[in-house]
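Take a look at the following structure, please.
Each chain gets a letter, A, B, C, D and E, in the order it is written, and its residues are counted from 1.
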Amino acid sequence: MTDSNQIQMDQREVRRRIEARLASRHCKEKLFRGLGIASIAFGVLAVLVLFTDIISKGSSAFVQTQIQLQVTYDPAVLGIDTVDEESLPWANFDGVIRAALRERFPEVTSRRDKRALYSLVSNGAGFNLRARLEDNPDLLGKTETVWVTADDDVDTYLKSLSKTEDGFLGRTSEQQLGWIQSLRDSGEMEKHFNTTFFTNGDSREPEQAGIRAALVGSLYTLLVTLALSFPIGVAAAIYLEEFAPKNRWTDLIEVNINNLAAVPSIVFGLLGLAIFINFFELPRSAPLVGGLVLTLMTLPTIIISSRASLKSVPPSIREAAMGMGASRMQVVLHHVLPLAMPGMLTGAIIGMAQALGETAPLLMIGMVAFIVDVPHGITDPSTVLPVQIFLWADSPERAFVERTSAAIMVLLAVLITMNTCAVWLRKKLERRW
Amino acid sequence: ARDHISIVGSSTVYPFTTVVAERFSRATQYKTPVVESTGTGGGMKLFCQGVGENTADITGASRRIKQSELDMCNGNGVDVVEVLIGYDGIVLANARGEAPFELSRKDIFLALAKDVPNPDGSETLVPNPYKTWKDVNPALPAHDIEVLGPPPTSGTRDAFAELAMEGGCKKFDWIAAKKKEDKNAYKAICHNIREDGAYVEAGENDNLIVNKLVASPKALGIFGFSFLDQNADKVQGSLIEGEAPTFESIADQAYPVSRPLYIYVKKAHVNVVPGIKQFLAEFTNARAWGDEGYLADKGMIPLPTAKRQQVATDVRKLNALSNLAAK
Amino acid sequence: MRNVNVFYGETQAIHDVSLDIGRNQVVAMIGPSGCGKSTFLRCLNRMNDTIDTCRVEGELSLDGEAIYGPKVDVVPLRARVGMVFQKPNPFPKTIYENVAYGPKIHGIASRRAELDEIVENSLRRAGLWNEVKDRLDKPGTGLSGGQQQRLCIARAIAVSPEVILMDEPCSALDPIATARIEELIDELSENYTIAIVTHSMQQAARVSQRTAYFHLGKLVEVNDTETVFTNPQHELTEAYITGRFG
Amino acid sequence: MRNVNVFYGETQAIHDVSLDIGRNQVVAMIGPSGCGKSTFLRCLNRMNDTIDTCRVEGELSLDGEAIYGPKVDVVPLRARVGMVFQKPNPFPKTIYENVAYGPKIHGIASRRAELDEIVENSLRRAGLWNEVKDRLDKPGTGLSGGQQQRLCIARAIAVSPEVILMDEPCSALDPIATARIEELIDELSENYTIAIVTHSMQQAARVSQRTAYFHLGKLVEVNDTETVFTNPQHELTEAYITGRFG
Amino acid sequence: MQTSTLFALLLLLILVAYGTGFSRAISTARSRGGIRSLASLPTYYGVHTALWCGLPALVILATWLIFDDAIIRSLVMGGIADRPQSISGQNLLYAQIQNLASGNLVGESTPQIQAAAERLTSLRNSGQWLQTALILILATGLGAFALLRISPQMRAREKVEKVLRIILLFCACAAIFTTVGILLSVLFESIRFFNHVPVTEFLFGLHWSPQMALREDQVGSSGAFGAVPLFTGTLMVSAIAMFVAVPVGLMSAIYLAEYASNRVRAFAKPLIEILAGVPTVVYGFFAALTVAPFIRDLAQTVGLEASSESALAAGLVMGVMIIPFVSSLSDDVINAVPQSMRDGALGLGSTKSETVRKVVIPAALPGIVGGVLLAVSRAIGETMIVVMAAGLAANLTANPLESVTTVTVQIVTLLVGDQEFDSPKTLAAFALGLMLFISTLILNFIALHVVKKYREQYD
């Protein structure tokens, strides 16, 4: 009984001590929780800051200044008589545009002034006309009103007007300003949606530059990467986790894989150059090689996360299947793999995101290049989005600044689409049981 | 077999080769050449590997080919045709809103060299003691010396060392005299850039340097002329020897810090890879590299007319370069 | 407890249960699987709070204080109402740390010596001291199932609770280990109030003073253990304890 | 089985155990925790193969065929010797697929209708058909514990094994569910040989014809269940069954 | 036939082989009392047949594709009487022939070359036919062979699984191959580098300046190749990055796993994961133009000397970038900690944070360490941010406000800059790569052992 009494007293003492510390513990709890929220907020804030920064810089690239001109497809100026495959490439569409400009501003006469006038219009604008004429050969000899793309200097000036009072003049002269003013007043100069940005490959003229080639290149490259790294990574993870005996060798492989994750990506480029290009003689600048290199680079990530998700499958499931007389392979294929798949997908997505944003290793294998033509296969020369961004970020022309950001927006859009797909896929797979 | 021209090489020449490549493919039926930006040395390495369809046809260089590179090329059976295409000005600039600098090459040398002649006038070298521009030259502002420039691995840096630093260094007679005795020592004095933080290696992205200048208005930056041209609202070029870096002053060589740009063509490929001749023809056409050509629009400083003609005829003959001294 | 209702989302798991538990008593709860024994037990120290969908209605009180009162802090509540789970769940720490965990977080011991004492006392009372005194710094997960369960009990009593809830503490153990635990419960009941959920009627008969029989979320009968087993008032109870049920 | 020795790495878990199991008999294995019952049971269908450190010596045979023979394929072996585990572990698939899995991988049914029939029969025999027939396409993990265990039994009998091994099949279940399973074992013993490990001597007494008592990795006694419980030959056995032990 | 069509045809054949194998297995079984009499499921017989049909054919096809060009080339070149002696000359000639054969526009060509081009075309054609015939015969032949061998006793499953296992093993070895490849591609250059620069100087030298290193026309001034400043720089930048990423990432993971409602989780997790995908150029600009000047100004207001490029700026921004690596992986492992652990702790009256800190995190630690390790790896490997924000100056300093450089940055600048073929300047990149490789290897070994020990203790 005394023992019991002592315990009762003890309990009271204990209660007192607990009460004494309660406040500080709850305080800590709140603090901890607050820290958690702050961390999340920090992460989300970082995303938002980056996004607003990029969007504010890049959104203007989605419109493009255009000039309305009365053009006459005069055979004499064009230098062709008929519209066909043969003659079109030689036709002088620039001449047509120049004639139209001279007509619009008849007061310009001196050679110097004319040059200044011509430079209002993008020097790729002739291609718009060529495309029109190709679609509609009847236009030859006729006159029509078309919108042609303005030069990047004009475009940059116009866009900067909305930001500052005077606008960024750059290399635009007083005289050109006058013409621009007159065109704007008469509604012959407007900003239109920039389709070129999505339909063209790279160009040295900012107003003609687009991301199509890089986007397609990225898709091809990622396709190769995904098609190789996911199966190989999952297979490697399965072997290591389910079949390999646990010994020094597996330790070695494990360390090896972790270590590969730390190898700077450019070293993978060196490897790719030595093996795929110099030894196997695969073509330079091709998505095939890029994909191979990125596969080697993302494999560790995928293997590590796949192993983690294989580990998290409860052993009771394996036992159950094994007890049913399923072979090891069947246990893995029928039970373990489906359960581990959502986790593996997460890893694959992280790996793919990494591959999608990578530039350095591609430098060594020739994908950091100026490529205009949209690739049609995995062996055509092509570049990828981050490289395009990198190259544009390094270009002197002011108009590339907004295009750089716009390309980043596209890259992020691809990324977000990928993530959404992964989340959706994960949900779908998980809901099955 | 490859049906497009493959071009590698300098990042400085890259903007110019690409624009030619684009126009060339528009004007002809050839595929657009693929232009890689690998740096001058990297380009040379790829270019000189040998001949055959998996090697590059053309390489760009922001300096002349070195004898060692030429030897390597020749050793691998590569005959190279040299084409001087124009000049690039290297500018020192600071942010607009601050007073523009007026520098001499001597100022530049004294401000940036690792070791400078002893300020007391004796013919010895001391580690660079100057902290502010005013220390270098009383006419300059009292800002700390802070110059953002390319790293040692960049061709621009080499050119800057050779043209600006050496130019200033030569002004000290006793150093200039060393050139004859011990060329290496002379170069070491003239080319070595200080490493105590006054010179900031800022990477090879010139746009980044421009924007960093805006962020730190007291600093100077070193970059190519085309970036000054395009960012005239943000930065202003410093006057060197009284000359502002303008298109004209660089073209007539009044502005002292400009370097030649080259492309090198693999002679053996000319009849193998479709379009090389036509590409060269486009490059050496007046509408491209002429005074009012589109390359000038992009910021390349054209050659003088006479020089242009001479290069154009040489190119047509496709004379291979065998020895640097021969030129 | 009065008129306790517990809901998981839409479905009601406990219907209107009222039950009084006296001090230093052992109350056993029996009933077929899924009848809500665990759920009810978990109400007593608000462990149900951790389940999002779970909602508890009714009045539950401990020493006159409402358990689900708006101002009640679950932390000291759970220190007063300890819990032992069906599956032994020692922390992946050393044996010593397992037992010292509660006193540490609650700040019960201010000095190391005091802590040592509490650990030793608790392990002694859980009848584990002699078996583990030489390997206090070995991981608790390395013990056998029965030992692990006793470790969990030691862990629970280390904070000197008033009530100990046990949810089928022996179902993962062999008879010998079970017997030890039952002995232990007997000893502990001198100082603690114990509510135990069990599958085994024999066990309920052996250890408890009062027995409550649950059926489909309802409390069918609660009475002295002897009465319940020898003279059940309700036919369901009778059916269950005679094994006719199901 | 003759002179079976099992080692986990260095430590020996089973010492020289010899035991014969007759056809269509229920053999219960009892013994204190950790005495090697599970280990022994798992030898019978080579489930120990999955544990790297585990090494089995001695002769084990099934219908005269050596189980650990060099040419034995464990897959058909495990189809002949089914296993039910302590914790119900249905696959995270539908109820139908759970039962159909074995027949599928062993190629027992060639047509869908045949498979349906097997599934229905197995579930019927496991006494689960009526409870689940309307929700065959619901996940098996959604059932109650007892149902899950019966599902596991249904799954095991779906491949028509000769022997069924059960490792404490009822320890996670309530008495009613346990009773159902015991009934089931009784029914199954008409057609199958069953080896069951249990903690509950009552259970052993209820369901088995023969009982083997293990102690510290040794087989102490094996005899008709009645004999073991009424007239144990060995004092250890007696001590254990009278509860004096430990 | 085009290789691609051949490939498609081969796939078709494989499918057919599967189908016939499958049905043959069933029909064999029918006469003996159903598929139970088969040693394996009919599917496995199908796969077995398909493997026989497809695997050798694919291997042969691959080998063919690797070697056919070389063979055709030697045939064509052998037919030319006065072919150039030098290999490069031959390369060139062959390229010309190829271009001619594929109808590209090239300059003038001799009749001999034209003949060679025709020969090339015809060789290619016959090669294609030969290839097609060989592959098809091989595939059908072996497929038929496998089909004939189908018998109820054949253990098709075991054979198929053996092949599968070998394939799996092969995949697992991909990592080893990569490592060997990397070692091979850096080892020789590194050895050449160490011929110029002694290992000890490289490892223990305190001064890094590839600046004027042995320029061909400048023998006198040799550069300094002490890698210590690079490694300390790498350490500092990575440490700063981890200093940001580990707490923030871990706390986010904890919050998401333990506190957040499902909706917050579903929204915040993918959002934060985006951080890992933003191109590093963007971070680089952000670090260089926003963070670095901000830090400099801040430091100056409190009276500290700070350069406009600082390790701090690069590290901070890099930390933001790798938050998702820590948070996503930690989130997964925290979720994998069994609920019973939490119940145990909560039942004792711990607050949620105590449960997390004292029980959940220790239990999840091995997994978290794995995630952190991955993040460290990423931090070490990152270049762009450091180039843009921390500069390229190899300062040996412990002051995060100064500019530093990292190993990978130096590798990249040395490799893409104006290189010299044989100078240590370019070779140094390879040596650095090797050192980095070895040091991370050691790091990983240590980490593996620590984690293992930890596991042993608590499993």
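The working rule: a residue touches a chain if its C-beta (ideal position, glycine included) is under 8 Å from a C-beta of that chain, and two chains touch if they have at least 3 such contacts.
Bear in mind that the values here come from a model prediction, so they are computed numbers and not experimental data.
Colleague: According to the touch definition, list the chains common to the neighbour sets of chain B and chain D.
Modeller: A, E
Colleague: Once every inter-chain C-beta contact is counted, which two chains account for the most?
Modeller: Per-pair contact counts point to A-E as the maximum.
Colleague: Name the most central chain, where centre means the mean of Cα atoms.
Modeller: Looking at where each chain's C-alpha mean falls, the closest to the middle is E.
Colleague: Based on the averaged CA atom positions, which chain is farthest from chain D?
Modeller: Chain B.
Colleague: On a C-alpha centroid basis, what's the spacing between chain C and chain D, in Å?
Modeller: Once rounded, the distance between the two centres reads 32 Å.
Colleague: Just give me the whole-number Å value for how far the CA centre of chain B lies from that of chain C.
Modeller: So the centre of chain B lies 82 Å away from the centre of chain C.
Colleague: Averaged over CA atoms, how far is the centre of chain D from the centre of chain E? Could you give it in whole Å?
Modeller: Each chain's C-alpha centroid was found; their separation is 47 Å.
Colleague: How big is the gap, in whole Å, between where the Cα atoms of chain C centre and where those of chain E centre?
Modeller: Chain C and chain E have C-alpha centres separated by 53 Å.
Colleague: Where does chain D touch two or more other chains at once, residue-wise?
Modeller: 75, 105-106
Colleague: Give the residues of chain B touching no fewer than two other chains, as numbers and ranges.
Modeller: Chain B, residues with two or more chain partners: 2, 29, 38, 204-205, 208.
Colleague: Please list all residues of chain A that touch 2 or more other chains.
Modeller: 18, 25-26, 327, 363, 393
Colleague: Dump the list of chain pairs that touch, please.
Modeller: The complete list of chain pairs in contact reads A-B, A-C, A-D, A-E, B-E, C-D, C-E, D-E.
Colleague: Flag every residue of chain A that touches chain C in the complex, lowest number first.
Modeller: Residue list for chain A touching chain C: 3-4, 7-8, 10-11, 14-15, 17-22, 25-26.
Colleague: Any idea which chain C residues touch chain D in the complex?
Modeller: Residues 31-34, 144-146, 171-177, 179-180, 199-201, 240, 243, 245-246 of chain C touch chain D in their complex.
Colleague: Under the stated contact criterion, what part of chain D meets chain A in this complex?
Modeller: Answer in residue numbers: 45, 47, 50, 52, 74-79, 82-85, 87, 89-93, 101-102, 105-106, 139, 141, 152, 155-156, 159.
Colleague: Report the residues of chain B in contact with chain E in the complex, numbered from low to high.
Modeller: Contacts found on chain B: 1-3, 29-30, 38-42, 45, 50-53, 63, 66-69, 72, 76-78, 146, 148, 151-155, 158, 182-185, 187-188, 191-193, 195, 197, 200-205, 208, 211-212, 215-216, 219, 268-275, 277.
Colleague: In the complex of these two chains, what residues of chain A are touching chain E?
Modeller: 18, 25-26, 28-29, 31-33, 35-40, 42-44, 46-47, 50, 53-54, 231-233, 235-236, 238-240, 243-244, 251, 253-268, 270-271, 273-275, 280, 296, 299-301, 303-305, 308-309, 312, 327-329, 343, 346, 349-350, 353-354, 356-357, 359-360, 363-364, 385-386, 389-390, 393, 408, 411-412, 415-416, 419-420, 423
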